[in-house]
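So that you can tell them apart, the chains are marked A, B, C and D in the order they are listed, and the count of residues begins at 1 in each.
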Amino acid sequence: MGLNVPEDLARELALANRILYDHQIVDGLGHASVRHPDDPQLFLLSANRAPALVRPQDIVCYRLDGSALDPEAPRPYLERFIHSEIYRARPDVQAVVHSHSMSVIPFACAGQALRPLFHMAGFLGEGSAHFEIRDAGGDTDMLVSSPYLGQALARSLGQHSCVLMRGHGSTVVGTGLRQAIYRAIYAEANAKLQLSTQALGEPQYLSTREAQLSSDMNDGQIPRSWDLWVQRLGALDF
Amino acid sequence: MGLNVPEDLARELALANRILYDHQIVDGLGHASVRHPDDPQLFLLSANRAPALVRPQDIVCYRLDGSALDPEAPRPYLERFIHSEIYRARPDVQAVVHSHSMSVIPFACAGQALRPLFHMAGFLGEGSAHFEIRDAGGDTDMLVSSPYLGQALARSLGQHSCVLMRGHGSTVVGTGLRQAIYRAIYAEANAKLQLSTQALGEPQYLSTREAQLSSDMNDGQIPRSWDLWVQRLGALDF
Amino acid sequence: MGLNVPEDLARELALANRILYDHQIVDGLGHASVRHPDDPQLFLLSANRAPALVRPQDIVCYRLDGSALDPEAPRPYLERFIHSEIYRARPDVQAVVHSHSMSVIPFACAGQALRPLFHMAGFLGEGSAHFEIRDAGGDTDMLVSSPYLGQALARSLGQHSCVLMRGHGSTVVGTGLRQAIYRAIYAEANAKLQLSTQALGEPQYLSTREAQLSSDMNDGQIPRSWDLWVQRLGALDF
Amino acid sequence: MGLNVPEDLARELALANRILYDHQIVDGLGHASVRHPDDPQLFLLSANRAPALVRPQDIVCYRLDGSALDPEAPRPYLERFIHSEIYRARPDVQAVVHSHSMSVIPFACAGQALRPLFHMAGFLGEGSAHFEIRDAGGDTDMLVSSPYLGQALARSLGQHSCVLMRGHGSTVVGTGLRQAIYRAIYAEANAKLQLSTQALGEPQYLSTREAQLSSDMNDGQIPRSWDLWVQRLGALDF
């Protein structure tokens, strides 16, 4: 294991990466992280690898400035500042997922919010936040590749659980790793439903209270889905 | 086997759960049940597990008040009242499937009925019923988690074979387990067709008589599909 | 092998059924047939089984009145008259595929013709034909389950290569079995393209001459695809 | 290996073909080529086989007039002139992919350009080019099957990285084989996003500068995806 990387959590984070890929939330790109359980100023994230290939030994411990604890850590993701700055700005957040899932991006690019259409997406509450990187950085390569851009993203996220990133993808946060994975999967599902429902007629979204109650209830049901998601992965190479 | 659970039927119900998952009608959530063949006041339903993982030994016998016959039965689904109250209200119903399949939900959320576009969906008759949980329970967590809400759902279902549940999913019923599975699969297929057809122009639905005749005819063809569905599952872990 | 069923052709027809299933052109329903090479008054079609499960030994030889040559043949498809009456009306036709593929049905139900959007679908020529079973039989169970309805379907087909069947599905014909399979696969692909293109703007279809030239050219390329389709099936149980 | 075919590059090109198929960019048709590393007047392309079945020993070395170096080379693709004439017209191009991917064709047939909606498609720059074969050849079988038509296509491509071909498909070019494969995969992804975004509202495309910066940045990330794509193929038969 890498320096200051708890073995169990490294395994859980590797599983989380594989699950995101298995559900087509990420392809060769995208990443999931978790705050260090012993030190809120640290977080765990894979080195630069496709999520489908992440193994426990690829997990690296980073500081909130985006630097690896281990000076000999392998090449990092360019966008680790998405994670570091959200952990800095949101003490309640324990896990972050950044992805380019295909039904969410159209909302980011049409400037429309995701809103919860069914109970599984109650965590979307009153809607997703929106991040326009051009407001913060002018013309860029669209990556959140500096503390400065990460801070701008964290400001756009605010107290939401999901922020859409124009021309890029989205980021969801959770109070635990499994919850963040669940949210990435169901943000995509809800986006697919929104696309279809808007084509049919006027969507009836969950009320704010329905969304809150659903979200609280769903948190108790995540283990049932998690067991299935792990089983779907089949035999692992770690 | 659990208390008062016929072994053959437990196996059939486990297969039914796996088939629903294999056809993407359910993911980690959703459930299928069947009325007890020897006592109409009882029904069989899995304990709280993802449908893809249900084995014969997970099947539990419940009373129509939602309580398990076996006082030591494992944790039940919160929504078993969907099943219990439909069995109470509809003596003709022998099986119930509750799901969140992705093409059906948009109709539930746009307040539009499913109507039969092709013979395979003749069971939809003059259209699906609609359930607005807010009318019965105000702001809720969207789950049908009490006898009271189950009764409201059963009233909305009325004599239909399918009820759409706003902000949630749908429930179909049948006069046998295989028929209910068939209906869950083809309600989703019909919803997908309706979405596409409405985008093209004015859909020509089956007439009421065509729907009835198709539905009667299809009931004789279900074994052909069932054989395929079981074969698709491959080797089973039970 | 069944009575008067050439072994090689039975194997080819079983492969054809499996290929249609593998490409999601058929599910538990649908069927492919081929005219008997030695007697144009006969044709070969599987007995009543899901296409994915058809083996060479399931192939039965039928007369053009829909009766099996072998008095002890297993239960036939109800809709064998689709095949028999097209073979009777169209001496040029050597193979027929009937299916319910999901992108084609919306055109049948919106009363719009398929028209060739790309060279692979040149066989669609000036467009698909349309069959309204109600014109021939009033309210029915939507199945072409008699010589009378088969004749009506064959009349609607006319000299086209594809007829859409309202509330049901479609039927394509070819001058050989592989060509008919090819056409069933690319009718579905073209339908998918038409749905998307019509959402974007005004589709530019192939001209009649482009369609004819493409169709002639493609016929020489079918072996390349057929080799792939067989390979995709993997190990066979026959 | 074929005459003047470097063994390593033949293997890489066979992998590239398999990757395109695995990502559903090609089916039984479509092809990828690479310019010969030692002689810019030559290029490597498979003989006439489905991309999913291409092995290193199927790779043939062609001259820019479309003739095979080896007089005993197996049957070539009819459309090798797509490749030869682009290599002639564009000295910067080192690899070419021609495909019929299903989300791109609607844009070709509605006469709309692909434009970059997210950073992964920055290579689309200010939009795709458009090729109308009828302008060059009148009514044809839609194939670019002669040097003359290949030259017309190359003229339409101009300095773009992607040209849509009405009634047919598309062609992308790159400065290396892996980059061209990447572009074929993400042109399809971007097309899918454009279809959905246009249904939602007014798409916000990348600015020209954002597209350029994204494209340059992505080129450094291709190895991460390539590793995954090769791993997805599993065991190879070569």
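Here, a residue touches a chain if its C-beta (ideal position, glycine included) is under 8 Å from a C-beta of that chain, and two chains touch if they have at least 3 such contacts.
The model shown is predicted, which means the values in this text are computed figures rather than measured ones.
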Any chain in contact with chain C as well as chain D: none
Same or different contact residues where chain D meets its copy chain A, judged by the half mark: different
Between chain B and chain D, centroid-to-centroid distance (C-alpha), Å: 46
Gap in Å, rounded to a whole number, between the CA centres of chain C and chain B: 33
Shared-contact residues (touching 2 or more other chains) in chain A: 199
Residues on chain D engaged by chain C in the complex (per definition of touch): 27-29, 48-50, 52-53, 78, 100, 102-103, 105-107, 109-112, 134, 139-143, 166-169, 195, 198-199
Chain C-facing residues of chain B, complex: 116-120, 122, 189, 192-193, 196-197, 199-207, 209-210, 213-214, 216-217, 221, 224-225, 227-229, 231-232
